[in-house]
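Note that the chains take the letters A, B, C and D in the order they are written out, and that residue 1 is the start of every chain.
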Amino acid sequence: MGTLAEDLTARTRAFVAEHVLPLDDEHDGDIEAAGGDERRVALQEAARAAGVFAPQVAREYGGHGLGMVDRSGPLEEAGYSLFGPIATNVGAPDEGNMHMLEAIASADQRTRFLEPLARGLVRSAFAMTEPAPGAGADPSALRTRAVRGDGGWVISGEKRFITGADGAGFFIVMARTGGEAGGAGGATMFLVPADTPGVVVGRHLPTVDRAMIGGHCEMRFEDVVVGDDAVLGEVDLGFRYAQVRLGPARMTHVMRWTGAARRAHETAVAYVAGRQAFGGRISDLGLAQQHIADNEIDLAATRALLRVACEELDAGGRASESTSIAKTFAAEALDRVVDRSQQLCGGLGVTADLPVAKIAREIRPFRIYDGPSEVHRWSIAKRAVKRITNGAPS
Amino acid sequence: MGTLAEDLTARTRAFVAEHVLPLDDEHDGDIEAAGGDERRVALQEAARAAGVFAPQVAREYGGHGLGMVDRSGPLEEAGYSLFGPIATNVGAPDEGNMHMLEAIASADQRTRFLEPLARGLVRSAFAMTEPAPGAGADPSALRTRAVRGDGGWVISGEKRFITGADGAGFFIVMARTGGEAGGAGGATMFLVPADTPGVVVGRHLPTVDRAMIGGHCEMRFEDVVVGDDAVLGEVDLGFRYAQVRLGPARMTHVMRWTGAARRAHETAVAYVAGRQAFGGRISDLGLAQQHIADNEIDLAATRALLRVACEELDAGGRASESTSIAKTFAAEALDRVVDRSQQLCGGLGVTADLPVAKIAREIRPFRIYDGPSEVHRWSIAKRAVKRITNGAPS
Amino acid sequence: MGTLAEDLTARTRAFVAEHVLPLDDEHDGDIEAAGGDERRVALQEAARAAGVFAPQVAREYGGHGLGMVDRSGPLEEAGYSLFGPIATNVGAPDEGNMHMLEAIASADQRTRFLEPLARGLVRSAFAMTEPAPGAGADPSALRTRAVRGDGGWVISGEKRFITGADGAGFFIVMARTGGEAGGAGGATMFLVPADTPGVVVGRHLPTVDRAMIGGHCEMRFEDVVVGDDAVLGEVDLGFRYAQVRLGPARMTHVMRWTGAARRAHETAVAYVAGRQAFGGRISDLGLAQQHIADNEIDLAATRALLRVACEELDAGGRASESTSIAKTFAAEALDRVVDRSQQLCGGLGVTADLPVAKIAREIRPFRIYDGPSEVHRWSIAKRAVKRITNGAPS
Amino acid sequence: MGTLAEDLTARTRAFVAEHVLPLDDEHDGDIEAAGGDERRVALQEAARAAGVFAPQVAREYGGHGLGMVDRSGPLEEAGYSLFGPIATNVGAPDEGNMHMLEAIASADQRTRFLEPLARGLVRSAFAMTEPAPGAGADPSALRTRAVRGDGGWVISGEKRFITGADGAGFFIVMARTGGEAGGAGGATMFLVPADTPGVVVGRHLPTVDRAMIGGHCEMRFEDVVVGDDAVLGEVDLGFRYAQVRLGPARMTHVMRWTGAARRAHETAVAYVAGRQAFGGRISDLGLAQQHIADNEIDLAATRALLRVACEELDAGGRASESTSIAKTFAAEALDRVVDRSQQLCGGLGVTADLPVAKIAREIRPFRIYDGPSEVHRWSIAKRAVKRITNGAPS
């Protein structure tokens, strides 16, 4: 008998292999083609039955209560299939939203928003990003505004790239309640049910990835009226709360994508171990060995950086630096793993006959989503200069 | 007035911008969605009207007769759109087939096969690759056989990844006429009309690329009977002829993909020059400048290696080494160019709202098609060891 | 008050800054120029006085008894100066030899060999590597032989690249006692005092590094006679014991070189933060920020991999895989850190006016010593293929 | 019989192998240890006798008159030995100075300065770089001043990193005659004999490279008085002339370092072809093949970019962009070639027992000298943004 985390890891692995991977492969990782929310509900029932549902959620809401380090195993196993995170309710953006709600929401908000989300009764979305020149890689450019009126707030503005928006039950909306676009202060988060008048979900952006339920959508908030009880936490602290969400959400991304990249790697290794060329097993050829070894190294380094950051989070730290470093490294390293796996599979590596090509398609945006690598590097460098010129060891 | 090559380059650029790019973007680079062969015929008519059709084909067959160096410009401009090579009849595999037929076919075969192909009346396919354990990265594993019978040959075997097979008017089929699978000798090329009994075009492989007309197909040759006049060149010299086709075909691939990568780069530069973040134009940020500069360097090095190899081919050399090096470098460098362009475009770099993501999807397989980089490196290394241990400078 | 490990880390940092770095810089990292063993003795006295001597050695031999994870901090701080490991008696090869003697030596051998080594009274060397075609990257090629005679053994053979040989008080000699060159079995370790007749220390190899006391030497064992009490552990188990030494020794290498690379990085950041070019601080230029961020990422990933491997070692595992991965990654990552630091320092990065160039010179061989990266990749790949084809997750 | 260029290439190869390499290896590439200027004179006599002296100099001054493309071969062959460029009088900075003097100097200046330099009677130096915050990567920061007085000029200022200064017969001194530090205009070049009062050659910077005769020195110009006839070209056009020197000088650097990197590569290939490990020739192991192939690709791409730039220079262009790209690529690619060669040679790759380590030491600064790669990338990116946003193809 292992720990709860080990046990959930092993059971998630088995569950995914039996219930999720076949569907994923049948539909080439396209969740809409696989049935969208109807499929989600069915998969989540199966996950509950298998005892692998919501490993990261508090027990009072039906989960297993695993901390950051402990959830790494189950989330990696969920990510082994593109549909796995949906099935066990550990996918983006819901997982990050649950995390933030557990940390910040009022008792009433927990009942109305967190609990149904945690139990898989609804999905949610996090409405922060805006079309240029609004909030993007630079969140302080936020332009959506919320104006205080009689007994509530009026929210208006445009959003873009809102993951999971189509079909979400509610939105966590970031809006400017003070300051000017370009300023660091004065943002507030609001909890807005999807059926509130003026909430408009528009076009799905035609992204290369297809496994994200509810798409990445354009949205408009057209004079949306909400009460004071819609404010998440306190007024004007939105950017600070975004940081609360940010670090852990980055890390669960890394966990899930580690699983996906591992599947690509294992697929490729099995492929080359079973094929002959130039008089031997391909897996014995040095140029294949280089790819295999580099994949192993990249996976190991990703997991090691992930664990350091998760321990810091579990200890109550904000872990801005360690999660930024881990996210940046992982996004690039896991992409390399999948790319090398495609090379190892030769022609089949760029077809849907093996699962490697679809993983490549889905993982590519991770170097851009949640902060492009370039923006992370910029902030990593600025912190380093400050720290080192103050005499602290790097 | 420039040279003919310069003139064709400029006119192809204008033609592509006006007649081809709008269609390409409208259909996200999917040639079947854009109308398939019907569209091809219309585009080729427009190209003839614009005087940019078949720059590489001999004048007697309606082309402009440009050599390898001279065709680089027009083919790069054609490749600027994913549909451009189809429009000007410089696409794979037809372009390579024309090249080989010009070099090897008999007068009668030229009339029956080369001329209609050069004029765009039919398409063709080159049927060499087979499912494992047959001919793949290692062509000598060839298993399709042609057996000499009364007054002709009987061809039987399976092929896979036959580009352009669906809708092709004829096939150039590589079949073993001597020796054993794994041996270097005893292959023959046959010219086989598509309507010959026993020629079966099967499933399109579900590849990530969608701009290749006629797909990448599975095929079977079920006791296909052809006459002696179907033999291209001489019996048992098929592997040698494949080499004749190989070098130039690699280089025209590089020309076309250079155009596509250049479009991604130019799109990204225009994008970052028009956007602000962190208080300035993105294009003035150092981390963007690094990507832009690296793109410029990779494009310049690709073109420089291409020219060296093309001069060697124009001078009558086989250029096995220089084309192998240029192909390997180009496939990786151009992929990097497109990847950096995606990063520069941020979220839009992974959507169909900009043309960068589709170029990424189309160019990825070039590191695998026409010899994976790993196999090229293996042969480059073997040649280098032999040459240097013989005392020749590297 | 921190833990003992934290305390030793802080005190080692202060000790190195005050007592070691000035000497290191004065002599450009050349330990012979700085006085060789005489200097070593003086530095070790100072380290003892500062309470930072031998953090990794058992308390009974005068050390602080830190395990692998805990010694990481003090050893990184020692490595911050090229002479630091000598000063605190944590340098190669002595540190690894102590580790192995603690694990394997008899009580008598501990008294005669381990204790004086741990207390800094003598130095030691590990005589395994041989000139081609003997033991090198492939240890099984071992050719030095030990033949059982009356009451003892006669050792004969040639060694090369024996670090610290010149001036060592004793040698741990690997010799074949069974099997054939190329076979995995039949090697035995012998403890041989330097003054034993027939022990010949020859030429120092003219290596690029100069901070390793006692050089990297050629050696001969000319019919060297030793008794049965010279056998370390059991006869014929030498290759197994080499594995015992290998993993921890790799990791302490990584600790020390992390310190050296960190010094290069901090030097470079301080340099660019204090210089102007093109109208601003160099440290604010994006192309400098890229180097700084990549250095931070490489340092963080190195430390994270190191910790994972050290925990496995502290838990009693052999950690062959995790130490191999950590060593391979670290050797390359730390070399990149130093190389980028040189670029950041411009012209001064290739002079002795800053400490960066000498660190570059010293760290370069780490990608070759203790197993070239290529050999590590080969074994990492072989293990991965075996594991994955057996169905275990990678 | 080949062309003159081919002939000089072959003869330079033979000359270097016979007369230069043995000395280079005997003295580990340290020209001072090999005898400095005395050795230079002897080597140049031998080069003249072999008919390989000054291939790039006009015939009227005793050279062979080869243009940029044509001199590539002889200069690569000279660079094959670290002392070769000195022997055939094609080394930096003299070669670049000759080039500029041929283009700009008056008839009288040619007689006094160019002719003795071309014939090897004196050496020269180019005094532009200054200590921070003066002219460095950013030449416009120039602070050395020349003030017009009665019948002449008074030059005063500090210089640093002046290659070849110690022992030079004259200096080409860049001094500000107008504008302010940081401005692009107002610099003038002066020809200053070394024995002019106030010319002070100071400390040799302790650089890692040792093959550059006359060192890299600190200098002071203490109220140095020169006449109007010391002005090279016209007053205030110094920055423009520096550009004239820059492009060709970058390219001849690339030629010479290509030779050095080729030697490292050939040494490594010969080494691995002659050694066994793990049951076969090392050169047949895939991880070695990867290095060998990558070296071939990097060498080929370097030469290809070099040729494109040299053709542009031969056609009379300034080639700022193509020489910047070629220099940046080459400095990094050739460094990679040498680094991989070191890996291939294992332990011997970091000793003086093979010539690879010394080549690594000498070539490293090339990524910094003549414009660090980072500064080149910055200007390449700026040009690209300008060109592409103006609608020109990239």
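Convention: contacts are C-beta pairs under 8 Å (C-beta built on N, C-alpha and C of every residue); 3 or more make two chains touch, one makes a residue touch a chain.
By chain, UniProt protein names: A, B, C, D = Acyl-CoA dehydrogenase family protein.
Since the model is a prediction, treat every value here as computed from it, not as a measurement.
Asks: As a test of understanding: of all chains, whose mean C-alpha position lies farthest from that of chain C?
Replies: The most distant chain relative to chain C turns out to be B.
Asks: More C-beta contacts across A-B or across A-D?
Replies: Comparing A-B with A-D, the pair joined by more C-beta contacts is A-B.
Asks: Could you please state the distance in Å, as a whole number, between where the Cα atoms of chain A are centred and where those of chain D are centred?
Replies: Each chain reduced to its C-alpha mean, chain A and chain D end up 52 Å apart.
Asks: In whole angstrom, how far does the Cα centroid of chain A sit from the Cα centroid of chain B?
Replies: Chain centroid spacing, chain A to chain B, equals 38 Å.
Asks: For chain A, what residues touch not just one other chain but two or more?
Replies: Expected reply: 285-290, 377-378.
Asks: So in the complex, the part of chain A that touches chain B is made up of which residues?
Replies: Of all residues in chain A, those touching chain B are 28, 129, 132-133, 136-138, 141, 160-161, 182, 205-209, 275-279, 285, 287-288, 291, 342-343, 346-347, 349-353, 357, 360-361, 364-365, 367-369, 372-374, 377-378.
Asks: Using the touch rule from the top, collect the residues of chain C that touch chain A in their complex.
Replies: 13, 262, 265-266, 269-270, 272-273, 283, 286, 288-290, 292-297, 299-301, 303-305, 307-308, 322, 325-326, 328-329, 376-378, 380-382, 384-385, 388-389, 393-394
Asks: In the complex formed with chain A, which residues of chain D make contact?
Replies: Residues 285-290.
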